[in-house]
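Next, two complexes with subunit A in common: one pairs it with subunit B, the other with subunit C.
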Partner chain A sequence: MSERAAPLVVGAGPAGMRAAQALVEAGLRPLVVDEAQASGGQIYRQPPQGDDRSADALYGSEAAKAVRLHRGFAALADRLDYWPRALLWNLRDGVADIAVGGGNRRVAYDGLILATGATDRVLPVPGWTLPGVFTLGGTQIALKAQGCAIGRRVVFIGCGPLLYLVAWQYLKAGVAVAAVLDTAPLARKLHLLRGMPLAPAIVLRGLRMAAELQLRGTAIHHGVTDIRIEGRTRVERIVWRQRGRDKSLACDGIGYGLGLRPETQLADLAGCAFRFDRRDRAWLPERDVSGRSSVPGIYLAGDGARIAGADAAERAGERAALALLEDRGLPYAASRVAALERDLARSDRVRDVLDAAFPYPAHWSRQIADDTLLCRCEEVSAGEARRAIAEFSLTELNRLKAISRIGMGRCQGRVCGAAAAELLARETAQDIAAVGRLRTQAPVKPIPFTLTTSNEPHEPRHAPAH
Partner chain B sequence: MPLLHRIARTDHAPVAFTLDGVACEGRTGDTLLTAILCHADKLRDSEFLAAPRAGFCLMGACQDCWVMLASGARVRACATELSSGMDVVTRCGERS
Partner chain C sequence: MRRRIDCDVAIVGGGLVGSSAALALRGMGLTVTLLDKGFCGAQASGVNYGGVRRQGRPPEQLPLSQRAHAIWPRLKALIGHDGEFLRSGHLKLARSEADMASLEAYAIRVVGFGLGLELIGHNEARQRFGLAGDIVGASFCPGDGQANPRLVASAFAAAARRAGAEVLETAPVTGIVRRGEGFVLEAQGGIELTARSVVNSAGAWADQFAQAFGEPVPLMRTYPSMVVTEPLDPFLAVNIGMEGGGIYARQVARGNCVVGGERGLPLPDPDFSRPRGEGALAIMQRAAGLFDGLRHAHAIRFWSGTEATMPDGNPVIGPSSTTPGLVHAFGFSGAGFQIAPGVGEVLAELVRDGRTTTPIDAFSINRFNPVSSAAGDSR
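What follows is the complex of A and B.
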């Protein structure tokens, strides 16, 4: 029996589940912690209670993958420790603080795989805080996990494959999808031709979804700008500009997202070195092809390290686990390494194509009106941010946070951070990489104050009672 | 007018809860957010501008969906399972 502590896997999405599986297959007994009620992450999220919908209805073309992943993870149940509804809120010196079952668990780990996933990236538009506006991810969760539609007449706005996927899922569920407003000009979709030889299934699926939407009466508008969401106490109307003309449409629900942004807070707390990534337009933890971070014993996998999608996340999770095994001097399937890295390189080229076809409209940050809220938590407007930048000659993001409270609220900059960085870069005529990144503070998400003072002895071998 | 509309799980067992003093029913498997927004069109008023909010990301990241329980506890509605007897207060300054 080894004296060493168990490895810790954070996140039970495709990357975390595959990482855990590879560790179990090598004879280790990892602890997997995940915030959700059930494993699956976002794209393969499981409803907390089964309902009359089939896997095909829930996951569409990804149903076979979802079923395989969920069954594979469930089959490991007695060979690993899995804590759902568990928030890892602090990390230091090989010890993690985990809020779970109403208390705090302090867990020592040996080897840490961070598979923390991503959230929607957004830029503020007028009306974006109105009830009825949800991120694309949230719009999908309402349907998939809760069997609810966010409106009776829904509009989808943004860029990225998720825009069409979620709109199509709503259509299939029988919800009226009034329009899809794509922020990219139609010509950008020509890039998808480059994607055909790399990932024909992905490209054809996307084209089929767009065709089905149009066939069933959903208007698809390309190159939309100047989005404005109107309504007194909830969403009533969407207004936009297209080829120099103002357009509008009545609706009662809006799904909005401009691609994804990685959740990197835990890598930051763990002391990982960061670099600026041009494709994700964000500071990301450094890692090599195996998933090793700059800190020995800490590995990064999935969209939480860099946006690459669910298929890549599965492979990156397994690859990171193999690196952990190698570093621990344990036997591992060396023959898998080359195959996984080849697949990951291909996924990376596919992602380049998707980013070209669905470009992030970072330039919108120039147009954010002064009276539009930039920070939803602290309710700081773009105008207040601009005044702070001018008055205090601010050039760095953490200074802007200290002066204006942007990024200081409950979400810790998850929602407004990308927009605040863009705005600061514009106002000061700096490159986006030069304005810095928000430093992470523990707790990474709000926890009850009483938790920080209760330190139960760690018992990583036992699942806590719920 | 509710914000969310159920299209599945409509026949699951009812779960009783209270919303601003009014007896309501959710369904087994609901999050607190789902249960509230199937009856109402907001979760809370914002702290500084008293503007209505109803959640945003639904995955525990944006922290927009905090609601207050009558006990004074504040919970993230999108990540909290509805349980029988929950007593939710969505209006500023009101305590029952």
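What follows is the complex of A and C.
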């Protein structure tokens, strides 16, 4: 083996696991760091302790993939270093700061694969911060990891395939799913017909889920607008408009999400160039088909780079690892490259279809009421943001942050940033791309003041004991 | 698309110095154009620690500092925003007997300036201000305080705009020459500007404009490094500094604690910077040793920025030594926030009257270039 430092893989979801596997197969010993306590990412998340639920119960139609990935990654245990419950909070000049086991480890790496995944995208609606309102991802985690539901009578709101998937999973788990409120008009679902020849399994699965939901008494409403979540101390009711009429429904739990947003902070800290992506309606790190970023030695894979789903993430993870091997002058499975890239191109076309069928209601930013909280960490309302924009003649997102505190809190704009950009663009009559993007600073997530340091960067050899 | 502007005064740099000068000049009835290469208050004025502090300044800065001291409590009336200014007092800690002796010597040296310093011992520092850690004593300046840097400069610029100043953002000045009785400036976006006077308040970018008029200055860039906690229960009522440097801390009304110290590093584009990870961790550990209230805190964000620093720690303030009508004000060396509103008034007097009532001789640009024609000198 060379004297070079080990490659670092950030994230142990489908992209990170596949990347690590390909590196190991080529004889490297990567370090894999992941915030979760077990591998799998969000989609293949494992319960904190084994319970009596089968893979079928946990992962449904994706059980076979989940089992294959988990077994494959577990089989690598001796040939890589894997740090779960590890937060990579700072990156600079080939050295990563990683909070793990109560201490800070400074790790020099040679080759970095960022497979940082995605979180829910939301726009504020009245009542969105009431207890009982969860993101779709959080709603799914409660079920998958903790084996519990967010309520006894749950309503799902939003857009995207995840809306129907999580509703269906709740139904299967025996929870009363009162309704699915889809923000897109029903006519948009006609786009799915285009998806049939591309990805028949995905489309049919989605249609089956919708059919099963309706058969079991879950109402599905399309073209829903003016959503308002009501309740005194927690969720009691959901109110919306549909075809010009007001409707409401009693519920005690709400899963809400408007698609996904990539987690790009580490790519930003790593110095990657960004471009505005119309499909994800977000600034994303630039990458080529292999996953190479604008910075040599840094590779991007999975939903953290651009939303494409779990299957594409697996392939992008492997593809990025092959690029790393090639750039390092190591032998790699060149024969895999064409197949992976072909699959990725197909996933990309599927994503275009899904995006057309489940459009993000960006126009909602027009109707965010002044008294609705925009930034929940810093408790900044939409009205306060609008006043700051007017009073200080603001046109740029980082200036809006500086003046109004939006995005300055614990989440650092990961939750409210997209909404703040929409609002600023709307108020100043600019294109969404013209308002800029929030500059990332470490730490990407909160770190304790008493994190103990080790002075010298070092190469990891063994996972620290927990 | 070209745009021609004619005005009495062009101000290059919309930080707190330039913005407050713009407002003061409008108050005198002069026409003003304020140009910033980015956004007003987005550089050193907006990313500093937020200490509003006279204590610790060299005596030659204190007349100017006292002038500014009178402005801070009037911000609401002056610019329509209080800037979250809080007269909390500033407590400067001594870690050793030598540091305490140094604080005592300072108190004697500045006794005539009316800072009202109180020297206090170890026990009182602990009891009165809730400090933990090894502190020998401290010097307290009750009239000093703190404010929100993100708001103050931007609010000055907004006030100047309301008062009739032309404020042009994302308009970097690409050319500036003396012509006839005044100056001709070109700025990005097709802006051509003529002005009788020019104020160079371009912060870390001011050296290029001084150089253009044959006044090279040894300006260096430094990058502050700040750590901010999540909101915490109130435990720190005063603005904290340390004799000899190393750490400073304050807690804002919302509960967040801002802890500074160490230096950040520039990015490949040196107009941007970030704190160093190990530097921030060191500061966090030092702070947790000093305040029990921080032992279980989390850092939620860091920030940095670009500051202009002079070798002697004093700014450049005053008329150009080569070019009539040109006035400089830059290089505040990480300590410009408190005095900047006073500097704005001084600059307005210099532009209108050619002189000011506040002593500023120590800040002359001549101190670096005794022979004012040394334009060709290398730095």
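General observations
Here, the second predicted complex is superposed on the first by the 458 of 466 C-alpha atoms of A that agree within 3 Å, B and C clash if a C-alpha of one lies under 4 Å from a C-alpha of the other, contacts with A are read in each partner's own complex, and residues count from 1 in each chain.
In this section, a contact is a pair of C-beta atoms (placed from the backbone, for glycine too) under 8 Å apart; a residue touches a chain by one contact, two chains touch by 3 or more.
Note that the coordinates shown come from a computational prediction; the quantities given were computed from them, not determined experimentally.
Of the two partner chains placed by the overlay, only subunit C lies in contact with A:R106; subunit B stays clear of it. Of the two partner chains placed around the shared chain by superposition, neither subunit B nor subunit C is touched by A:A75.
By the touch criterion defined above, A:G137 lies against subunit B but remains apart from subunit C after alignment on the C-alpha atoms of chain A. Within the superposed three-chain arrangement, the count of touched residues of subunit A is higher for B, of the candidates subunit B and subunit C.
When the two complexes are overlaid on their common chain A, residue A:P446 makes contact with subunit B and with subunit C alike. Judged by the touch definition given at the top, the superposed model places A:A250 against neither subunit B nor subunit C. In the superposed pair of complexes, A:G147 makes contact with subunit B only, with no contact to subunit C.
When both complexes are overlaid on chain A, the residue A:V415 reaches subunit B alone and has no touch with subunit C. Comparing the two complexes, residues 378, 409-410, 446 of subunit A contact subunit B in one case and subunit C in the other. Put simply, subunit A touches subunit B in their complex at residues 35-37, 42, 47-49, 51-53, 85, 119-120, 129-135, 137-138, 141-143, 146-152, 173-175, 233-234, 253, 263, 376-379, 409-411, 414-415, 445-446. Interface of subunit B with subunit A (complex): residues 3-10, 12, 28-31, 34, 37-38, 41-43, 46-49, 51-64, 66, 76, 78-79, 81. In the complex of the two chains, the subunit A residues touching subunit C come out as 89-90, 92, 95, 97, 104, 106, 269, 271, 378, 391-393, 395-396, 398-399, 402-403, 408-410, 412, 439, 441-443, 446-453, 455. Against subunit A, in their complex, subunit C makes its touches with residues 39, 41-42, 46, 150-151, 154-155, 158, 161, 167, 169, 228-230, 254, 265, 267-268, 272, 274-278, 280-282, 284-285, 287-288, 294-304.
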